[in-house]
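For reference, chains read A, B, C and D in written order, and residue numbers begin at 1 within each chain.
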Amino acid sequence: MTYFFADLPEYAAMILFGVGLSILMLAKNLVKKIIGLNIMDTSVFLFLAAKGYVENTVAPIVTAEELGHIDPSLYSNPVPAGLVLTGIVVSVSVTAVLLSLVVRLNEEFHTLDIDEIIHILRKRDREDLK
Amino acid sequence: MTNVFTLLRITDRLSLQFGSDAVGRFFLCLVTIMWVLVGIYAQKYKEHQKHNARFFTFYILTWVMLAALTMAANYLTMYLCFEFMTLLSMPLVLHNGTPESIAAAKKYLFYSIFGATLGLLGMFFTNAYGTTLAFTAGGVMDPAKIAGKENVILWVAFLSVVGFGAKAGMFPLHAWLPTAHPVAPAPASAVLSGCITKAGVLCITRLIYQIYGTSLLRGTWVQTALIILALITVFMGSMMAYGEDLMKKRFAFSTVSQVSYVLLGVFTMNEAALLGALLHAAYHSIIKDGLFLCAGTVIFWTHKEYVSQMKGLGRRMPVTFGCLAIFSLGLVGIPPFAGFLSKWYLASGSLSEGLPVLNWLAPAVLLLSALLTAGYLFPICIHGFFPAEGEPEAEGKEGSGLMLGPILILAAATVLLGIFASPLKDALQAAAQSLL
Amino acid sequence: MNGISILIVIMLPIVGGVLLPLLDFDARRAREYYVLAIVIATSVFALSLISGSEGTELILYHLTSTIDIAFRIDRFGGIFALLVSILWPLSTLYAFEYMRHYHKRNRFFGFFTMSFGITLGVAFSANLITMYLFYELLTLSTLPLITHDGSREAKVAGVKYLVYSIAGATAAFIGMIAVLTHGGSLEFNVIGLGSAVTEANRAFFDGAFLFMFFGFGVKAALFPLHGWLPTAGVAPTPVTALLHAVAVVKSGVFAVGRVVYYTYDADYLAGSIVQKLALWFAAFTIVYGTVMAWKELHFKKRLAYSTVSNLSYILFAFLLATPSGLTAGLLHMMFHGLMKIALFFVAGAVMHQSGRTYVTELRGFAKAMPVSFGVFTVASLALVGVPPLCGFLSKYAIASAAVEEGSRSAYAGLAALLISAVFTALYLLTIVVRAYFPGENYDGHNLKDVTEANAYMTVPLVTLAVLIVVLGCFPGALTEFISGALSTAFPGL
Amino acid sequence: MSLIPNIPAFSIILLMLCGIVCLVLPARWARHLADCAIALACAMSAVLLVAFMRGQEVFTYSMGEIGAPFGNELRAGPLEAAVATLFSVVTLLSILGGRAHLRADIGKKKVNLYYISVLFLLCSMLALVYTNDLFTAYVFVEINTITACGIVMSKEDGYTLAASMRYFIMSLIGSGLFLIAVSILYALTGHLLMSNIQEELAALYAQGQYRAPLQVAIALMGVGLSLKSALWPFSSWLPDAHSSASASSSAMLSGLVLKSFIFLLVKVFYRVVGVDIIRSHAILDLLLVFGILGMIMGSVNALFERDLKRMLAYSSIGQIGYIFCGIGLGTIAGVAAGIVQVAVHACTKAMLFCAAGGLMDASGGSKKFKDLEGAGRRDTYAGVAFIVGTLSMIGIPFFGGFITKLSLVTASVEVGGWRSTLAILAIIVSTILTAIYYINVTAIIFRGEEKTPTRASEKLREEWKKQMRLDTEYEFAIVLFIILNLAIGLQSDRLMDVIRAGLAVFG
């Protein structure tokens, strides 16, 4: 049982990734797709953060003087945290671009349904051919 | 070969050459005489048909090629003449222009060219395994080269003989003959049946005696197979003729049968049989030309083509039917008419050759075939002269001199050459000896 | 003469052809003079190169460390060049008349002239890659000629041609690379593979040979890769005649010859399993082609199938891998070119004068077009193999070579040759018979508007007929010229 | 110390800075600045390439002061330099070749944004080429995605918006998979620098530990990056995105963006995972099979397409298949063949997209085949470009395509076994199909006698005439593209030498 709970964040991350990916691929509404994308990204961040966490340790920014010892093995791994931060930045910017694109699409087609948009485009194509 | 004349030297091995030897001269004479006689006959018969200029052009061209064939001094020249003879005689077959005659001409063309092509196969191998392509007594095959390849050469020999056999109506390439001969105008049928089939015989003779050589072939399976084929043809031709009602077609089947008598003699490969073969070639030419001319005369005056329609015609056309009776007697081989002597030599040659089974089977088949010959020829005369009671009177009249002359000459020849055969026999014996 | 002259003779028609659509002649005369001047100049130049400067080499470019673009004049290529140099001016003359009613003649003659240079490029290539280059270009330059009339049928034929040709060229290319990666040389030389072959990689070279054989076999219309040839007959007749009976298809055959004798060598192939396989394929194609020709009623398609069959004669001869096989193949390559182009020209003349395309429609035509059908008869007899016309000689040479080789596959080919001879007679002579002997109930109704073609067409026709007869009777000089190729293919000779 | 080792970092940072500066400049100046910056990047990459050809050693360059294994590294060798040069040159030419279209397609206010996107796009591609750090790679993958979508959607009509939406989503799935693979590799090894990961993985592999997670990571990497580089069957987004964008955008997307991910994939396989592990892995066979399917399916789709730019886009799918086929063969020769194809296809396809823009101008803006008849006569440069492209695609010697075919066939013949057979068959089939549709389109654009657009209105005709006179940049770009193609065809030995040298020191 301990083994299972020890890996709990990883399992959670996997499940979330699956949820996010399915929403991204299957949802028709573009905004929902973006939400799915965010869930997916979050799951990866969770996974990374869990990797960086070592039990009974502290953040590496706490100085030695404050704790009274200088054993580096008591620090959590700082790199994943850095990665997660970078990842969040990337994810935010991507989400922003996507949302702006959705706004433009909505202006153009008056719908958020991707299938419907494609349908409208097909119809235009056919009229073009005539 | 003497007096060899080179017309064209294409490459070192290939050249067009002409020369003369006894066999060639014999066939040349035979062919030329027949051509002249039939040509005279055709002067009257031509009233019956259109496009005479074309007909006589090809008639003469065919003769030229046939004459050239008899004088060909090597394999290439013979092949060339053979091909051209086929091509030039084809217009004679399709002269009437009916769909049947055109179909028949195509059939003729197919069989002849197929046969010639098999003959060509022989030339390829002769070129590779022989010393020369020129006809040489005893054959040209180089024993050193064919060592280890005998079986291939035998096959090639067999195939090429069968190939040229197409022209002579030999089984299995005989089927064109009964189709093509009847549809042609009567003069053409006469020379086709009487002379052009002999071109096949000449080619086969040259192949066996002057290219492959009897020493190579004698006693092998090839000889046996060829004799069997000839016997099959003899018997089958007679049977088919017996069952045929259309007169010209009956004669055509008869040709199939009779020419294979000649081939039988050639295949037997001894002097007596070869003599018989050459004699029979001459006799058959005369007789068969005569028969076709008679048939032509009947058709010319009465438009009757079937044997069953001949009833009572003999009384209206006594000369024609009289001659027909003479030809029939000759072909059956009743002494002293012409056919007897040749059959005699054929049978004796076959008996003396000493091939197992075949030495007595061949004469037996000849006898049987002679009976059948009687069976399909005599009824024509009998119907003609003695119609059954109550038959309506037949219409018809005797032909002009232009037609009757050649027939009478041929009939006379049938009788005279049967009775006074020795000059011809001596000449042909010399020819046969020169071959062996 | 130095190597540049080879480049000039190849580039002259190519550049001339490219310029033609740009110059955009409106006047027929001007275009005819221009095209004829280029073609004749190229022919004369090519002939002088073949006769006078054998062995001249030109390395144009080192494409990679192992691949050069290079040219050389040798006897084998010279024979091919000789053939096209004789036939191109005649066909051009013929095409002037034939194309009179077509549109876009500038484009047509542009590509037509370009093809001349490209074909010479094939002939004068010094290695396989250079040949591959021109081989591909030949496909591309002849494609617009096939689709020239723009009909749907023509387009389909064009696509078919393209698919087959490109597939073949690619397969051949793969074979070349395979040879290259296993230490063989793509240079055409006497030694062939030589010491590159070991026990271990022999199977590999066998595979590469099959790739190249079937690859180049596409243009040589080898069964089952022949399908493009009959359909390509929708092209204007000068194209069908010159390209699909001579230049294009012969370049396929020529390439196989190059592979057999110059990339590989006779020693390698003689008696090998791949040789047998290839021989059987060729033998089968010979029979297949003639039978199909016999069944076909469309005039040009019948001739196309006949080409299928005859090309395999040449392939068969080359594949025998003997000195006599090589000379026999080359001889038939020359002679078949002459005969088949004459036959096609007659078919074209008939189409041009009367619009008839089926052999069944030619009843009595000999009366209306005596010259054409006279030539047709001569060419037919030659193709059937009647001595002393030229077709007999080459068939005779092939058959003799086969007999001499003496293996079972060679005999199979021999049998195929004989069967094919019979069918050849049938499918050609029936046309002759129908034209000369229309039969009864014939009133000449189909000849009302049919007249003999004019001198543009009859002069090439008669020239060809004369060549067929003269070369058949006096082949001495030609055979001597051809046997000069032996020393470049067999080390000992 | 020479300046050479600074070039990679400097070119990346230069492009980035210029991008930022562009934001505040007037549109015209932004354009000039972008041109200059890209030209400078070209020059610098070229200098680097020349240095490597003259014997410069492979070097790594640490960003900031933290060294390995924690710091961020760039690594440059002959191959990186060559690919960087190729990317910058093709970007420059694509911008020039499509300039006229950019004027028409992109609103006045958006011009700055477009050039910023281009600069960042090139910046991210160069970073992907040079970086030695997996997470940096991820960040630039995302930048690449955003900017690539940016240059598609900058032409604001319904098609591009919808297309870029699809493109975006597919790309994001790809980069998501890539990210999770990076995380797994990090979890396995504790490193992010590629060379370090490889050492660690080799040790793990030797001990037989963590085979399954490694397998998952490789698979995720493979799928993620092939999604982004449009390996069939993950290529459904490509035709819309590439065909609806403006000419130079299409040229860059088809010519370069796909290739940058392929280069990253090669890097992951050979530098991160390592030759020995990857060769024992089924992923290469999978890539080979899908590459081959791509070669055929792309061509089949292109065959039935009646829209010029969509046809070119489908053709890209087929051509990408060639690259994957080469990589999937798993030998050095195969990878080299793949990289040659990267170069050849970058030049050829970018040229064709630019030329397609020209043809559309000459036909009243339509890209349908029926309107394009005779366009090649009206715009001779485009016509010649299509002839060159066709000859190259068929594989005529002297042209770039021949070299691809030569090296790919050589590689597949050498491999042996079923891989050899499959690859050879695929090459034959795909060559045929490619030849058909390219020859078809070339025939169409030269068909017809008329020298003016048949269907275009009078107004368009006037515009067309004006444009034809002014567009020297376009002509210059097309001519240079043709020269590039011929140069690859004629000087392939040098190219191959660089690639082989680069691969030898790659891992």
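Note that a contact is a pair of C-beta atoms (placed from the backbone, for glycine too) under 8 Å apart; a residue touches a chain by one contact, two chains touch by 3 or more.
Since this is a predicted model, take the numbers as computed values, not measurements.
J.: Using direct touches as single steps, what is the fewest number of steps from chain B over to chain D?
T.: Graph distance in the chain contact network comes out at 2.
J.: Among all other chains, pick the one whose mean CA position is farthest from the mean CA position of chain C.
T.: That would be chain A.
J.: Indicate the whole-number Å distance between the mean C-alpha point of chain C and the mean C-alpha point of chain D.
T.: Each chain's C-alpha centroid was found; their separation is 44 Å.
J.: Can you compute the centre-to-centre distance for chain A and chain D, using the mean CA position of each chain? Integer Å is fine.
T.: The mean C-alpha positions of chain A and chain D differ by 27 Å.
J.: In whole angstrom, how far does the Cα centroid of chain A sit from the Cα centroid of chain B?
T.: Here chain A and chain B have centroids separated by 103 Å.
J.: Can you identify all of the chain pairs that touch?
T.: All chain pairs meeting the touch criterion are A-D, B-C, C-D.
J.: Could you list, by residue number, the parts of chain A that touch chain D in their complex?
T.: Residues of chain A touching chain D: 17, 20-21, 24-25, 30, 33, 37, 40-41, 44, 47-48, 51, 77, 79-80, 83, 86-87, 90, 93-94, 97-98, 101-102, 104-105, 108-109, 114, 117-118, 120-121, 124, 128-129.
J.: Which positions of chain C touch chain B when the two form their complex?
T.: 381, 384-388, 393, 396, 399-400, 402-404, 406, 411, 414, 418-419, 421-422, 425-426, 429-430, 433, 436-442, 472-476, 479
J.: Flag every residue of chain B that touches chain C in the complex, lowest number first.
T.: 8, 10-11, 14, 16, 76, 79-80, 83-84, 87, 90-91, 94, 96-99, 102, 105-106, 109-110, 113-114, 117-118, 120-121, 123-125, 127-129, 149, 152
J.: So in the complex, which bits of chain D are touching chain A?
T.: Contacts found on chain D: 70, 135, 138-139, 142, 145-146, 149-150, 153, 156, 158-159, 161-162, 164-166, 168-169, 172-173, 176, 179-180, 183, 186-187, 190, 192, 368.
J.: Please give the residue numbers of chain C that touch chain D in the complex, ascending.
T.: Spelled out, the residues of chain C in touch with chain D are 61-65, 67, 69, 104, 129-130, 132-133, 136-137, 140, 143-144, 147, 159, 162-163, 166-167, 170-171, 173-174, 177-178, 180-181.
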